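Letters A, B, C and D name the chains as they come in the text, with residue numbers starting at 1 for each one.
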Amino acid sequence: MTAPPPPIVPHVQDSFVRQSMMRTIEATLLAAADGICVIRAPIGPGMRQQHGAGHAGLAFTLGDTAAGYAALSLLPPEREVMTAEIKINLLAPAIGDWLEARGEVIRAGRRLIVIRADVWALNGDQRKGIALMQGTMIPVDPA
Amino acid sequence: MTAPPPPIVPHVQDSFVRQSMMRTIEATLLAAADGICVIRAPIGPGMRQQHGAGHAGLAFTLGDTAAGYAALSLLPPEREVMTAEIKINLLAPAIGDWLEARGEVIRAGRRLIVIRADVWALNGDQRKGIALMQGTMIPVDPA
Amino acid sequence: MTAPPPPIVPHVQDSFVRQSMMRTIEATLLAAADGICVIRAPIGPGMRQQHGAGHAGLAFTLGDTAAGYAALSLLPPEREVMTAEIKINLLAPAIGDWLEARGEVIRAGRRLIVIRADVWALNGDQRKGIALMQGTMIPVDPA
Amino acid sequence: MTAPPPPIVPHVQDSFVRQSMMRTIEATLLAAADGICVIRAPIGPGMRQQHGAGHAGLAFTLGDTAAGYAALSLLPPEREVMTAEIKINLLAPAIGDWLEARGEVIRAGRRLIVIRADVWALNGDQRKGIALMQGTMIPVDPA
């Protein structure tokens, strides 16, 4: 017997597949429920900075998206979230095969949802923290 | 007579073309000298969030890169810079044809270079501020 | 003839005097109108870090308050604002007689007010930038 | 038998008592070792915002100081640290008797020390998270 896959809230999955950026970076939604979301993407050949490490923009994109869907996983299906602001501290170059981001809701208020995210580089069977993020999502009504 | 194009420091240009991410997002380096850098990229079909606006990750990627090259434009050719941290506040959805980011050095110390960046969406002949960034670059020796 | 003093919106003045922290740091409200606010306080003997420069907490307190009242100056008298988040980059030690903070509204939305603030140390007739801030205020109804 | 008090690295204690701001806010250093530091201060009558809650500047001052001494606890006695930048997200009003801040080193590099801090309000026997901080300290040589 194997463990069941982590749960993914359906309206997060629906939103994820509508983001063309997620296809461009070949991201996979691994989990999204109960205020936590995990997303993974390859450090592909078109995603690099000048020394061949993954671009900070890739780490940000994954972390921001994981944090946003961590927030959305707590909201009813008809709501949306937007990023109000995020701060990223880069800890190490993004060297490896994959980046994995884990977003987490710290406090879900009616108007502001405070989030954190961690981003790791996966290099073979090693896992190294490469970025730390802290920010604010806001619930919005769909356009 | 037309105005000369804005100057681009050669070692910034060299570094820019080595970033595969800049090709992926089809970015153009418009200016990089004296602590200021301007970069532009289309809000392409593969760069969108779930409602069709430009992804926050695209705005971040442009702003981070413009800020980094603003810093590098002040350093001698043999140095490099890395992003230590940046914070982004999103002001409005990135709707339009292009995003343009302008990075600027606020204080260039020996160890830390404090930067700001602004990002605009260009929609026809309109220009709207969509993101504000503030952060820190660090000078490094090449690997 | 001398220039008139800068304007101060009455409900900002009322709120300012109700903050006991402003008395503790001996702050003076110099201007508050049209989305801009200026506050000054001495770098007093009880406001120092371990080397005798002004504490980062003093710079933050002034900048946060100036930014908050810049936001409040745009709202009707019956509203209030709260700080949702702010980021501060410290540029230089706070050495001198006074700190002066200038807060400015960058974008006033219905739900989020994005602000910036600058903090200077005034040393005799010299003025040096010591901190840069960027953050978000939210309009709230009074308790 | 009772548990021993948490350890406090001597050079952190020495630095703490030289900060006049710590006396002004009546702060107590509760622990400082191994990259973690805890500081507590009363939400005194002179430390309030306009509604009587603790001022955001008090929360910042405590969190910044706890984060700085978390970093310093990892360095040899002859070094110092300075705050390069910090971001604070405010989670709830600072209502209660005391604020307690816990700073923690996330990554200690040679040039940059990435930290996080949490701040709680203690109200009778209740403890509520009121702020979340993320930032960068830099090791420096004493002046």
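Simple rule for what comes next: a contact is a pair of C-beta atoms (placed from the backbone, for glycine too) under 8 Å apart; a residue touches a chain by one contact, two chains touch by 3 or more.
None of these values were measured; they are calculated from a predicted model.
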Checklist outcome for this item: If chain centres are mean C-alpha positions, then the most distant from subunit B is chain D
Next on the checklist: Between B-C and A-C, which chain pair shares more contacting C-beta pairs?
Outcome noted: B-C
Item to check | Euclidean distance of C-alpha centroids - subunit A vs subunit B, Å | outcome: 22
Checklist entry - Whole-Å distance, subunit B centre to subunit C centre, using C-alpha means? => result 29
Checklist entry - Between subunit A and subunit C, what is the separation of their C-alpha centroids in Å? => result 34
Checklist outcome for this item: Expected list for subunit C, residues touching two or more other chains, is 84-85, 87, 89, 135-136
Checklist entry - Looking at which chains touch, is this a line, ring, star, complete or other? => result complete
Item to check | In the complex, subunit B residues that touch subunit C | outcome: 87, 89, 91-92, 106-107, 114, 116, 129, 132, 134-136
Checklist entry - In the complex formed with subunit C, which residues of subunit A make contact? => result 84-85, 87, 111-112, 135-136, 138
Checklist outcome for this item: subunit B contacts subunit A in the complex at 15-16, 18-21, 23-24, 45-51, 55-58, 60-62, 64-65, 80, 82-90, 143
